[in-house]
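Look at the two complexes coming up: chain A is in both, with chain B in one and chain C in the other.
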Partner chain A sequence: MGNFFSSMFDRLWGVNKELRILILGLDGAGKTTILYRLQIGEVVTTKPTIGFNVETLTYKNLKLNVWDLGGQTSIRPYWRCYYADTAAVIFVVDSTDKDRMGTASKELHLMLQEEELQDAALLVFANKQDQPGALSASEVSKELNLVELKDRSWSIVASSAIKGEGISEGLDWLIDVIKDEQL
Partner chain B sequence: MSAQTYKKKYEISPSGDLPDKMTIYQDCMNTFNESPVNAKRCRLLISRLLRLLANGDTFPQNEATALFFSISKLFQHQSDSLRQSVYLAIKELSGISEDVLMATSSIMKDVQNGSDLIKPNALRSLTYVLDESTAFSAERLLKSAVVSKNPSISSAALCTSYNLLPISDVTIKRFANETQEAIVDLKQFVLLDEASEFYPTSTFTTQYHALGLIYQLKRNDKMALLKLVNQFSSGNALKNQFAMVQLVKIVDDLIHRDTQLISNFETLLTSWLDSKYESVQLETAKLITSFATHHSHLVGNRLFSNAVSTLQTMLSTPRVTSRFAALRVLNRISMVSPEKIVVCNPELESLINDSNRNVSTYAITTLLKTGTAKNISSLISTITKFFHEVSDDFKIIIIDAVRTLSLNFPQEWKPILDFLTDVLKNSEGGFNYKNSIVEAIIEIVSFIPQAKELAMEQLCDFIEDCEFNEILVRVLHLLGKEGPHTSTPSLYVRHIYNRVVLENSIIRSAAVVALSKFALIKNNTPLAESVVGLLKRISDDEDDEVRDRATISLKFIDSAKKNPVGEELLHSKYTYDLSSLEKKLTSYMSSNSDAFKTPFDVTSIPKYTEDEVKAMELKKKQQSFNSSTEELGTKFTDEAEETGKRLDSATYHGANLDEHSKDLQSTKYIDELLSIEQFKEFGSLINSSKTFPLTETEAEFVVNGVKHLFKEHVVLQFNITNTLTDVALDNVAVVCSSEDQESSELKELFTIPVDRLLPSEESACYVAFKKPEGVVMESFLNNLTFTTRELNPDTKLPFDDDEGFQDEYEIDPLVLNAGDYIKSSFVGDFSASFDELPNENVAVYNVQESMSLQEVIDKLIVNTSCLALENTQYAQNETNQHTLKLFGKSALNGTKIALIVKIVKSKKGIALKAQGRGEDATLSSDLVNGLM
Partner chain C sequence: MPPLDKRIKKFLKNSIRVAPKISDKGELAELRAGLVSQYPQTRKDAIKKTIQQMTLNKDVSTLFPDILKNMATNDIEQKKLVYLYVMNYAETHPELCILAVNTFVTDAQDPNPLIRCMAIRTMSMIRVDKILEYIETPLRRTLQDDNPYVRKTAVICVAKLFQLNKDLCIELGVLEDLQSALDDSNPMVVANATASLSEINDMDPNVIDLKTLIQSHVSQFLMALNECTEWARITILGALSEYSAKDSLEAQDIIDRVTAHLQHVNPAVVLATIKVIIKNLPEVEISANGLTMKKLSSALVSLMSSPSEMQYVALKNIRIILEKYPEILSKELRIFYIKFNDPLYVKVEKIDILVRLVDPTNLKQCALLLTEMKEYSMEFEPEFVSRAIQGLAQLGIKYSDERFVQKILDTLLELVERDQDSIKDDCCISMCNLLRHSPSNEKLAEQVCSLLNSWSEPDAILRTDSAKCNYVWLMGQYPQFFPSLQAKMDIFVKLFKQEESLTQMSILITVVKLHSKLPGTMLQHVLELATQETNELDVRDMAMMYWRCLSMDNSEQLVNDLCKTIPPQIENTLDKFSPELLEKLLLELGTISSIYFKPQSDRRRRTITYQNIVKGKHIDELQDLAKNEIESKGNNDVLLDFDDDDDNGEGDDDDDIEMNSTSNGNSHLADLDDLFDFGTAPTTSEINNGVSNLNIRSDSSNTQSQNNPKLSSNTQDLLELF
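Moving on, here comes the complex of A and B:
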């Protein structure tokens, strides 16, 4: 029975299709930590990402191709080389890094203007909520000017990659939106 | 049922033809960006791309970068074989694409978590993506890969570390222990199934890679290298033959740093000559014989003859590569000490007919060197028999050897010239080939007076039917230069004029110039007049250049009757130093501020007379015989330091290049000197010495000195290199004091210090003296004085608050001797010239130091600045006597000076008897009395 349904499901959602998802954000926001939390369910020790990491994972029967791009100033210009065919962008913000909220906001809006990302859904993680003094999701939302975004499904979710909180909630929302809009 | 099937071909054309570049590019861009990735097709396309690049095709940077980014997307696919192709592509694209650093994280992940299959590829590609700022982040990964039990992984990590040394030596230097461990650890492949028992369990190449790296890490530490050799030469420690060869090279490095060490290694070297690997035998024989060319007294006769007999045995091995390699080494020895390998002559002779042409050619050229005056003609007739069968390249090598023969045995010029003439006329060949023959004949014309006219006549015959403009022009120039001084000038005029009638305008122009030189012949008025007649006729030539040259020649000839300038213009006695002329002209052209109103000043460019030019040429030839015998082994030690380059690119260069760069360097020193304002008033430079080392090459401050002479001044130039890494030197000067203060005739005028010398910089400090006209000899004691200032590691500049402290450093003395007032010069017939000269002086010396004959000879040549003639610059081995013939001219007044030095070696030491004659009596006695 289960098998029967799942193969029905596969046909419906086209199991061959792989969804490309980008994780972007400033350096140190927690992108790499989130990627491996998703893939292996653990917290790994990270080094600054020179370039990118890419992992394929299955989430709710969907094959996701998740790209975690380095966030250092020197690497941001290369983000655009990886925009094509992107279903969704996960933008990660270090909620404790108040000084760089402006920079994060600027990079976010710059990126969303790109032609190739017009159809991509946006999920923002207000990360590092476990830290004292972290801005709340709505405060981060304000800093990032999210309400200005039109013609795009977006959501902001408070998260802690270290504790594993908020990550699957955010991803569930994202997958639903993608299924609705793109499949 | 009708069966009709069709299977689509998978785009691989059976002929192996490659689609065109644009198609490949488009296919790659489309396919690599697809999702999901089609691994098989991507691999196919990458292999096409690689083939395209391997064929020498390339992409503009933007396309290469686009390709790189799309290939980087293939990291999302986990297939190992696709990943291997991706690594190959990254390696190839790294040279032409930008931004390859974007692959760094993905590569490092493979190094950490990838399968054993792709780990080596990943490790090797780190070389291409890391730079100074990211190298440290791979430290831990590389370190643990170096100690991996898997030989491929360990080797890859070692090679990458080696290649990263110029980029980030700080990081790699921390691997010393792990690298050492990798030599000791005999790593084996893991056998996966039964079938693999047929494969070797290991080649132990890791040992070679590890030894290569450890050598780079410890190369500045002599003791550590000695320990290394001790550790790995004993027992069975090294299993890989390349590692053993590397160890031989380390020994080579060590004995060049400290020549006395050779005796410690004697037993080891002897055992290596018996190694079961030919490569080790060969490298060892190479080391021993090349070391012996410069330090023959340190190499025992037994060791040397063992090396030669190893090579001799190798001449009859079935493997052609070994035969060839052994021959090459023997050939080098033959250039300096042919008598030492005469024992190999039977083997060499049997190789003349070797089926491999490279081998037979080398055998013949070697035999030509080991040949003695007795067998030259028989050798030449042997060559003549097979000469027409070999390719142009080999012909050129043979011609070259024959040419050397003519310099070494001038009295045997006849069969040599006959041979050259024969092959010049009766064989087919391209420009380089014909040119090499003509060059050899020209050399005979220049250096063997008794053969001159016959050789020139042969050239005349040749140009009657020569298809190469360049060669014709050269020969015409030679005829013009030498023809007027021969017994039958009219012969040459006839041949030259034939060219005017028959050839194209380039050659006609050259012929006009050559012809005009005959117009000034003093004792043959009818000939001179008919040359003028010919030139007048030519001034109607249809070609502008030819006409112009004829007209201007006629003008010069006319004015030469009243005015010596005309003669000088027609038949110049001087040539300018071409490299400094070129440099000055370039800067004159580029710094033009007044529309060339100021004329170009030619006086500061050194001029040479005919004989000086010949002397320099001959000297260069003598040196190039010498330096071509030096092995790359001696070079790979001291030149790999250049930053930014791959290490291996620095390990190989030709010896001649080196000679050339020495020349350039001395011109550079002179240019720098003359550009300094304070020296302008000293007038023109009369002579500059060669460069003398004044410290050990391993000293903290490496100093060498050059002596420059002006008419009434002497300038000592000290080139100082700061080899420390963390200290700058401020206000660097040299304090020179005369050894004999009382009687010194020199008065110190001023010193130009170096303001600041940063680590690894070289700069010059000058000390100027006033000197009376004429020859002054003096010995200077020298002290380097400076203020050391510690550097801030961040700014690489001295700390502001650090005042530094004064220090001094004693360097070797520098002696201004009679030789500094002499320039080497050439004469065709030394004995006749010597007999003609007046003012004989004789002096006798006893040398107590233990020196070889060759070292004494070398020292005499340097000290006198004279040219060694009649091939007397080489000591004949197995004898204890030598006669050295030296010739030169005064740099002050151009008077000739000749010297015969008899050298006798006995148990008590070396005795010299010098007999000198010169037109300048004081110079002659100063030279003879100040030899050593």
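Moving on, here comes the complex of A and C:
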């Protein structure tokens, strides 16, 4: 039944409508790298993002409006300006940055409490898996206390934005969830 | 998976194909929803509507965060609109501007040069300090851009940065880049670099050596001159006029190369060219001057066929030039004859030029001008007529021949007899001036006095202090022609206390002078009045002195010596500049100095009040302020198009308050500033902030007046962008 609806939906879907997806996470986690890996399929050299990047990309016939917000302490307070109408949040964690797992976890849970994000799906990338000493996805999941999340579709995927591993798996899952739940 | 009915409902809702339309009402809530819509077209429409509201001077500053979200786009039109908005409202949301930094920096590397320009220009013009922290890379990059259009914008941005943060500008070393831009291959870049450097030099004369830079780039300037726009030409000509040629050859070369621009349609270019020529003219061989003078003359003449406002400026400049080169326009008198549709301010200046221009050795010319001026003096505009009457006397004194003076006097006498009181003052003064020019001509004096004597109440006919003063002086000078001398003096003495200082002085002197002809009691009375009843110190001191003299032994002799001196002959009633002033003014032709006849060095330096930069506040600081604000004011702000469901300002919890401080930005920010200035005990950092706030607010003591300059800067930006 779900499949039937989705395919019919694909045909009828207003071509111009975009789905809003936010990529959040601490600075240096790999958010900007992931955004451009998604958009142009390449690794770009990045600088700390003071502000935001936004790109529109088509994935599985859906138009996605993907926002990559700067993760600096000074910019995090402004994340909230972007919450409205968000279909999903991609939270990126630097799996090698053990010292800041606590901060990442705190920011994540703080964000998920927001009213505007109650219906948003959550995809966590345990990024930089190519690095030696990176925590595994399940270890990251534990650090972030993901099991505590209630009433929310979420998933954690091990990834390496540099090598391009895990990214499309993660996004496939996310798109399926969005189609199922929200459309 | 949600239940089927819910999914169907959602599906139906979402399958509307058309993007929602934004209505024309421009309600803030609707615009805000539109700006974050999931449909790109709706977002763009909302941006357009927002800009529309902005240009109508409605306050749409609260949409700032949502507008910003639309800044990173490939749609150039949309980007321009967002930039327009950001320029206008950045200062109302200094802390949010940080969200634009990434886009600014990215845009400064955009493949499209227009976007690169827009990015760097906006970064350097919004006065938000946080933004300037990130300007280094984009500015450096655009200064070296491949595209001259980008470079010419970037060089101007250096001056803007300098104005906003001098130390940073120096530290970044972009001043060096700016100076090397003078060697750029593109004339527009050279011109803008020159303008930028001059502006920096105006702000602080110590950071660059503008003089030396100009000296070493004269050939670049001369090359660029022919290829750049008219406004850039003015800048370059301005720089050239500050250069002193090494020798007569170089001076002649410069003159030759700029002369073509005397024929430019833009009067500012013409004046700037004239300035360069006049600067170099004294250096060249006299023999070569004739031709140049002719060209200068015809350039000045052509300015007189420009619109009135420009004619006014031209006349002021001609006035300066004439003082250095009195012969330059002597054949062109007719050009300056007044046309019936000239506005008053042009008419008045023209008369001044006419009497300066007329050649006192050319009777025919003087006679023609006399006829012309006579007509002017019978016009109806009082200021014009007054100036024409003065002009007549000036003309008479300039030509000087007795018969001619007689003619002028006849004209004046005729005028006085007309039944028009308003011109009598000027006639009286002018006639006295003429008499002072020909003191030995008793016949003239008799004519004037007999007419003036016929006024039974001169004090009521004359209005100005100086006219009355002249009238009284005349009685003292030619008492023999005033049969009713005593009666007239009586009137003036009676009104002594009401008169102003010149007339009081004149009464005092005349009464003393004529003491043997007038009753002794009058002298006594006037001396008493002048020592006791006046506030004018000069009059009082003078009266004291006379009194002392009169009470001395040989008083008769002494007073005679004092009073019977022959006044010096008036040779010239045209005012002149001092030689130093004239030289300075010649170097500032075509600038505002030439209108006021006040060189820049004499004017007090204008303080640049808009230098203050807007500092963002910390978010927690804002939260506190917002909380206080809401507690004290409740929620009864009547904002323009204030919408309750959207700006839910009931401050129940911290989250709401914070949103409030950002979304209700404009009016709250102003209120917050209020709180900030007076409400808290200042710590050092707060003092800084407070000071900048005070400055901001003194810039614009109320929002109304703030809006107007904004509007005008708006249109300017619009012009720049499109």
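Methods note: the second predicted complex is superposed on the first by the 167 of 183 C-alpha atoms of A that agree within 3 Å, B and C clash if a C-alpha of one lies under 4 Å from a C-alpha of the other, contacts with A are read in each partner's own complex, and residues count from 1 in each chain.
Keep in mind that, in the parts below, a contact is a pair of C-beta atoms (placed from the backbone, for glycine too) under 8 Å apart; a residue touches a chain by one contact, two chains touch by 3 or more.
What you see is a predicted model, and the numbers here were worked out from it, not measured in a lab.
Novice: Which partner does A:N65 contact after superposing on A: first (chain B), second (chain C), both, neither?
Specialist: Both: A:N65 reaches chain B and chain C.
Novice: What's your read, chain B or chain C touching more residues of chain A?
Specialist: C
Novice: In the superposed arrangement, which partner chain does A:E181 touch: chain B (first), chain C (second), both, or neither?
Specialist: second
Novice: In the overlaid three-chain picture, which partner chain does A:W173 touch, first (chain B) or second (chain C), both, or neither?
Specialist: A:W173: touches no partner chain.
Novice: Which partner does A:I50 reach: the first (chain B), the second (chain C), both, or neither?
Specialist: Both partners, chain B and chain C.
Novice: Please work out whether A:Y83 is in contact with chain B alone, chain C alone, both, or neither, and reply first, second, both or neither.
Specialist: In the superposition, A:Y83 contacts neither chain B nor chain C.
Novice: Is A:I75 in contact with chain B, with chain C, with both, or with neither (first, second, both, neither)?
Specialist: both
Novice: What part of chain A is shared between its chain B contacts and its chain C contacts?
Specialist: In chain A, positions 16, 18, 20, 47, 49-54, 56, 65, 70, 75, 78, 81-82, 84-85 sit in both the chain B and chain C interfaces.
Novice: For a test of understanding, state which residues of chain C touch chain A in their complex under the given definition.
Specialist: Of all residues in chain C, those touching chain A are 1-2, 4, 7, 10-11, 14-19, 36, 38-41, 65-66, 69, 72, 96, 98-106, 134, 619, 659, 662.
Novice: Of all residues in chain A, which touch chain C in the complex?
Specialist: Contact set of chain A toward chain C: 1-2, 5, 9, 12-20, 47, 49-54, 56, 65, 70, 74-75, 77-78, 80-82, 84-85, 180-183.
Novice: Could you list, by residue number, the parts of chain B that touch chain A in their complex?
Specialist: Residues in contact with chain A: 33, 35-36, 69, 72-73, 75-76, 78, 99, 101-106, 108-109, 134, 137.
Novice: Can you check the complex and tell me which residues of chain A touch chain B?
Specialist: 16, 18, 20, 47-54, 56, 63, 65, 67, 70, 75, 78, 81-82, 84-85
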